[in-house]
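Paired with chain B in one complex and with chain C in the other, chain A is shared by the two complexes that follow.
Here is the complex of A and B:
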């Protein structure tokens, strides 16, 4: 089953199809925010996105908070500082 | 001017520093600057662009703080003329109330550095901070954050405005500029840290680790300043 079939609920007001490119871009942004080199950021994002797609294979519907938690737990293995920013940027203000 | 414990101006300076310390400890401005910078760096903006945004934001905060203090100063001069014991008693009460509010409500009780401010407004401001592309918009956001945090900062601002009444008009201008720059010192320090290559994650980690300490120190300083000013100006002979 393709990852595009999964629906992500955001704040319980609307849902949208899972977009691996969006996840990839957000992980790259978190890596760049902690001054990681661009190549390293893309590599980490690619690995984490693969892990998340694998995790999604057994799900029909997930929340954006679930996605964030799972992605940041995998990102932790590759870049702990980026994982911290990725998980915490919604908890800053 | 030399400053010693026996100096007649010592109580004045002590009150100004305490008000400034409490004011500078408030965190909304820092949170927004963290968001603005992390998103600008995350989008791959050049170092100069990030610096321009950070400087614009900090300048906005300084200008708005100076503007608010100047307005308060002018209104106090126009409406109350001479500062009496009643005015000091009201200011002391306001400080105590603000201090209690900071101790009880300032941070939300969960991870991160979320503040007790209307979520709709904070989410709108965060959204704008993340999308900011030019220095003018960053300036406007910096200025807006100073207004948004007024429920907490109004007490030290009023005390600063009352203390300014004891100065000559020329010194009042310097007082307003000095207070505004000093109150925004954390923003200036953060701008310097980011521009010198520090990781935003380490700054945010530090803020999260020390948030209880910052909350308690600013809350207690506000309460103690209220008691100090009440004792000095209502019970004692005044400044």
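Here is the complex of A and C:
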């Protein structure tokens, strides 16, 4: 993953390079929180992360809220319950 | 309380027709203005939309007229074309718009230009190439982009879009056009004139489905009989696959699956507003159909305006320019104005041209309006005889009292003729008033007068 994509953090005090592993982990956590099998959680996280990376390809800087929104809209396709959890429980990861 | 300071008074996101005009007007009132453009200055219309397509069509029409000069005693046996030269002509027409080199103009006006994709990070702040810019007001005029339909195999085959089709170095031997709207039919005509075998497919029951029924029916017949195209209405393209140097297109029509092999596939199945710019971070309400605005073109975040294709209303250059002017006025004045879409003309540059304005018959039926229609075929007027152009008509629609509501012109120069009806509809004139106006003989506009005389109260 290119480090050219930056994420403006919630309080807008700083921005940091986009970390796909962090996104992956947060999606896995959301899936596991709704009692998804670990393998399924990793599979969904992998797919969603791929979508997000594709979406990011035309952008240089986005907000963490953007990441959450885009990731949850894709997660919705694979696991709607986890998507709800991901979207509404900000501190889940 | 200290006044909130911003980098700019206005930041315009998108330098197309919907943005540039407002930026220019607002900057002339000594305001600090910046424009953010992620692509070519000038946007779609001058660079890869109206201007290049019409330049190519103009060249094609000259070639076509020369080829068919025999009826008028013109020998045309040796007429040919050199497509790279045709393309060079198109490039010259694009260059002469000056859009791509308008940087100096804006700099002279004190407008700051930033090249990059803008993304809202808060209601008053955007990021462009990681540079954060703030403004008191914003104008979102990000335009639209082509929709790529969900066709099996499309991702794995090379296909053209209306933008990339402009840069072909030679017309394809055969082309399958997905989409029978205005852009699809214009490209169909262009490539057909230059000798391509054209298949044009649309899910709708006729070409130009947004126009009145008679228009699509006539154009479909014209394309089939005079241009040798395969017009595939009520058709769903289901699959595409690469086979060597050709593309195999599979489509379903009338419940039966068919397959054709073509050199190129052109996807022209409509446009969608460009809304992926972090609108949520600014509190702007939108849907995939476009940004929602009030009567003053203000979004749900009142300091942010929107204009042009991104509204998802009328995706025309002239409406975008009009909306841009409205936004500039509303930004600079307390008495805000509202756009009036009573008489929006639209033109499709085929032969014959198709132009319409105001309400279509289908619009009126949807609204349950009681209407009268008057139709005049163009072959009854003198100009048709002189030019030997027989296909076409003028149709006018009025309310019960005879006030004009809409009109359609299918004829040579329809794009010019339509403005008589545009003026009449905009100012609430009746068909009788138009019918009683002198029209010069022999002109195509006479058909407008004849159509208006057919409205009986």
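The working rule: the second predicted complex is superposed on the first by the 81 of 93 C-alpha atoms of A that agree within 3 Å, B and C clash if a C-alpha of one lies under 4 Å from a C-alpha of the other, contacts with A are read in each partner's own complex, and residues count from 1 in each chain.
In this text, a residue touches a chain if its C-beta (ideal position, glycine included) is under 8 Å from a C-beta of that chain, and two chains touch if they have at least 3 such contacts.
Source: prediction; values computed, not measured.
When both complexes are superposed on chain A, chain B and chain C end up sitting side by side without clashing. Of the two partner chains placed by superposition, A:50 touches none, neither chain B nor chain C. Looking at the shared chain after the overlay, A:69 reaches chain C, while chain B stays out of its contact range.
Looking at the shared chain after the overlay, A:58 reaches chain C, while chain B stays out of its contact range. Of the two partner chains placed by superposition, only chain B is touched by A:84; chain C is not. Set side by side, chain B and chain C differ in how many residues of chain A they touch, and the one touching more is B. Angle at the C-alpha centre of chain A formed with the centres of chain B and chain C, after superposition on chain A: 120°, rounded to the nearest 10. Of the two partner chains placed by the overlay, only chain B lies in contact with A:32; chain C stays clear of it.
Least inter-chain distance for chain B and chain C in the combined superposition, rounded to the nearest angstrom, is 13, based on C-alpha atoms. Of all the residues in chain A, the ones that touch chain B in their complex are 28-30, 32-35, 38, 81-82, 84-85, 88-93. The touching residues of chain C, when paired with chain A in their complex, are 116-117, 119, 121-122, 127, 129-130, 276, 278, 280-281.
Across the complex, chain A meets chain C through its residues 6, 8, 12, 15, 55, 58-63, 65-66, 69.
Interface residues of chain B facing chain A in the complex, by the touch rule stated above, are 28, 31-32, 34-35, 38-39, 41-44, 110-115, 122, 125-126, 197, 199-202, 204-205, 208.
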